[in-house]
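So that you can tell them apart, the chains are marked A, B and C in the order they are listed, and the count of residues begins at 1 in each.
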Amino acid sequence: MTDARVPTRRRVVGGLGVGAALLASGRVLPARAAPKPVTIGFIYVGPRDDYGYNQAHAEGAAAIKSMPGITILEEERVAETDDVVKTMQSMIKLDDATLLFPTSFGYFDPYMLRVAAQETGVQLRHCGGLWDKTKHPMNAGSYFGYIGMGQYLNGIVAAHASKSKKLGFVAAKPIPQVLINVNSFAMGARSVDPSITTTVVFTGDWSMPVKEAEATNALIDGGADVITCHVDGPKVVVQTAEGRGAYTCGYHANQSALAPKGYLTGAEWNWAEVYKMYATKMQAGEKLPNFTRGGLADGFIKMSPYGPAVSEAARKRADAVKAEIMKGGFAVFKGPLLDNTGKQVIAGGAAYPETAIEIESMNWLVEGVKGSLA
Amino acid sequence: MNSVETVLVAMLAGALRVSTPFLFVSLGECLTERAGRINLGNEGVLVLGAMVAYATSYLTGNPWLGVLAAAGAGAALGGLHGLVCALTRVNDVAMGIAILLAGNGIAFFFGKPFVQPSAPGLPGIPFGGWSSVPQVQSALTVSPLFLVGVATAFGMAWMFRAARLGLRLRIVGDSADAARALGLNINRTRLLATMAGSGLAGVGGAFLSLVYPGSWNESLSSGQGLMAVALVVFARWNPVGCLGASMLFGAAGALGPSLQAVGVTSYYYLFYAAPFVLTLAVLVATVRPGRAVRGMPGELSIAR
Amino acid sequence: MPLLAILAATAVFCAFLLALGRSPASFFQLVWTGAFGSWFSWRNTLSRAAPLLLTALCVAVPAQLGLVVIGGEGALVLGGLSATWAGLQMGGAPGPVIQLAMAAAGAAAGAVWLGIVGVLRARRGINETVTSLVMAYIAIALFNQLVEGPLRDPASLNKPSTYAIPKAAVLPTLPGLDVHPGILIGGVACVLCWLLIARTTTGFAARMTGGNVRAAQLQGLPVAWLMVGACALGGALAGLAGMIEVAAVHGRANASLVAGYGYSGILIAFLARQNALAIMPMAVLLGGIGAAGGLLQRRMGLPDAAVLVLQGMIFVAILASETLYGRIRWFQPRATA
């Protein structure tokens, strides 16, 4: 990936920045105070460089490392057990962290909430959790991005590329965050051609390379010609599909280098924006928001540049929809909407834009998706 | 293709490609155990082999060099196991677990920079040209490593039955007293068998990273090495049995994803457990009291 | 003697660090700080050691008969699940009653699961190492299917889980310590198992069977029953570990239970030479290394895998040093080993 060079450059720039700040506060310009030192801890459930979920967060962390006064602590492969409680406490007690980002969903309840209740002087912000003012401590909170919109755009582009009118989705587990993506992808495709079906295969866990390759092959054998996924590291899926001559839409990060022919576009995280916002507020002594969400318009997520296989019509249509989304209020999920068993899941007249909290507890697969939840 | 055909083609493909890591590790373990030693560390060797193969292929551009490097790294780790286990009172099962940890640790430690780049993989040999169905053509694109594995299985079976080397190995594995009486060097034989066995396990790792799924990351092995050790017992220490067991296991492993792809979408966790249920069922159905230890080398620590 | 082994491993690891351009001195200072250097570090170490005591016993008890059972993970997750189920059935009952019921259900599920392994070995002669491993995979599949299917709390959104056990059933941390009672229960279990193995006739019969099955059969010992019993007891202990994880840590059953404690237990049991008392220091050692790992990542920028490398080297050295046991009088293995 082209980003490989970026952290190094940032580190160099950061080093210069810190040096300059020290000089500035020490002698040259005594009036300008150095930014308040803040120690921020990041906790990852897998390896930091998995070319997927964890790497997206680690790149966000690397982006704020260069900010003057900011110290970053990182721990990878921390299990969603008592281990993460101890890691958080250890970051607080031994390394004086005052802001923690436990980035895996499973860290929220009960582990992070337990630490938040004990350590009231420390701020904790969790990726993906549903923080609730009435239930959870005030020094806790959550942030996430509306990446489903990216999958909706993926679906539009996929529909234009597909000849068989069958799409494939390799997913880890049937949880709302994944189901939003599966359904958005399918709805994006069906907005172009309602006869398109999306088959989903659940691998059962977040990182299972052999099963992911098997699932991709099975989907292609079953006739699918565009594949996308929601697993921790999409590399295997993208490479396997490219090897079979199928198109792919990426996830988490830009995987176009892995599939120069078949990569259409992809939904990418851009956590740097989010972490910069928190770090700046922390240094300024401002109160941190407890519940943060953002989408394409806020720069929390972005789309990979279109690949060579994307037609002019597809670009036009996707760009037009993207412009609509950027305006705000665009609702992918609006009634009347049926699930894939024929049950009405959204009543006529109701519309849920990306900001609607209701869709964060989604537990159905939309009409046109082949698959079931357990 | 209809649904049944799709599942059958997926199982055929699974028998040819998902099976190969199991095949190499179980052959390696079979060789080691026939000489009277257990090496649970082959799981760690598999992971180390995968990393070394991928890194070598990426740095040199030649995947076959990667396979060789994986075999070398495996043999080196196996050598450590063999040397330490030759000391008196050292338990080979425990040592194997320590080797497993060390292998994983070294692979993860040095493998970080290779998660992201794409290394050249080993191309497959198309055996499906006769068919006009693309799914069949894809399933029958067989890796040369699989063919190497099949040849190794038959070669090893012949060696145990007819070759001097194989007979000496079996004597060392079956009875240390008899081996001593014949003046065989027990420790050296076991050391070499362990190194060769781990070399094969390393090649199994190379298959994972260079052929299928053809990528390196830290969760590449989901216990294939450990399960392959179990398959040796299942195959009654017979190399051709290892081939059969691995192919059966690979085919059963392909069942879960392909059933979902054709619309059998419920209970996928249970379908994913199919290879394990099948293994257990076959064991229960075929093993009879008293016949259990047939084929088991007498010197294995679990036999005593 | 293990100290000498640890020193040897340390020397090798220092060379490894120097080759990478890292300072061994600061490395080991951080290991000390992270694992044992402060009261907080000790609590961290002990809470990591807690589940490992019981899963190590799950290996050590059948090992007295010469059985190598490596499927404790399966008994642990099913124990945790059935304990949760029991807790959910007893909604209104007083806390201790629910806890006892949960412990009984967890232990029973584990005992049945590994008891099957024992029966297959004793009656059909099927290798227990293979069946226990295969059954661990089957147990985890069953667990996932049940947690994400019929037993799922629909409100557990992005982390599929069962309903939470009643608040009254949650095991509180030990008074004055920030460590859950698993460490105490595990310690007591180690002592009880040691007494059972070393001081009772059943234990003696088990060890005799482990020494020589045929001799034991000739003596008229109930070898089959001993095998089934040892496997079931091991399973019960692992199931109890699952119950403690649920009642003290997670509050419900979900994928967090599948944390690999069963596999760590194998290593500890073998390092402890299957001696129930020696399991305690070994579990603390492993817990300590785990506790220090985080600090190493943060302060030295070492990847998580550095700890795996260190563990592997220490264990290779400890195991290699066993060749010296028995050659030195004061370290002769006890009758229990």
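Assume contacts are C-beta pairs under 8 Å (C-beta built on N, C-alpha and C of every residue); 3 or more make two chains touch, one makes a residue touch a chain.
Fair warning: this is a prediction, and the values are worked out from it, not measured in the lab.
Participant: By the contact definition above, name the pair with the higher C-beta contact count: A-C or A-B.
Facilitator: Result of the comparison of A-C and A-B: A-B.
Participant: Quick one: point me to the chain whose Cα centre is farthest from that of subunit B.
Facilitator: Of all chains, A has its centre farthest from that of subunit B.
Participant: What's the distance between the Cα centroids of subunit B and subunit C, rounded to whole Å?
Facilitator: Comparing mean C-alpha positions, subunit C is 27 Å from subunit B.
Participant: How many Å are there between the centre of subunit A and the centre of subunit B, using C-alpha atoms for each centre?
Facilitator: 36
Participant: Identify all positions of subunit C at which a residue touches two or more other chains, and write them in rising order.
Facilitator: 144-145, 148-149, 303-304
Participant: Counting only residues that touch at least 2 other chains, which ones in subunit B make the list?
Facilitator: Residues 108, 112, 267, 269, 272.
Participant: Mark out which residues of subunit A touch at least two other chains, giving numbers and ranges.
Facilitator: 47, 204, 374
Participant: Under the definition above, what is the set of subunit B residues touching subunit A in their complex?
Facilitator: Its residues touching subunit A are 1, 6, 9-10, 13-14, 18, 108, 112, 115-116, 118, 135, 138-139, 208, 212-215, 217-220, 222, 224, 253-254, 256-258, 260-263, 265-269, 272.
Participant: Hey, which residues of subunit A end up touching subunit C in the complex?
Facilitator: Residues of subunit A touching subunit C: 41, 47-48, 73-83, 86-87, 89-91, 93-95, 105-106, 108-110, 128, 130, 173-177, 204, 360-361, 363, 373-374.
Participant: Can you list the residues on subunit A that touch subunit B in the complex?
Facilitator: Within the complex, subunit A touches subunit B at residues 1, 4, 46-47, 49-51, 168, 199-204, 207-215, 217-222, 224, 233, 235-236, 239-240, 243-244, 257-258, 370-372, 374.
Participant: Sort out for me which residues of subunit B touch subunit C in the complex.
Facilitator: 44, 80, 84, 87-91, 93-95, 97-99, 101-109, 112, 223, 226-227, 230, 233-234, 267, 269-270, 272-273, 276-277, 279-280, 283-284, 287-293, 302, 304
Participant: Show which residues of subunit C lie in contact with subunit B when the two form their complex.
Facilitator: Per the touch definition, subunit C meets subunit B at residues 66, 68, 120, 123-127, 129-131, 133-135, 137-138, 141-142, 144-145, 148-149, 266-267, 270-271, 303-313, 315-316, 319-320, 322-323, 325-326.
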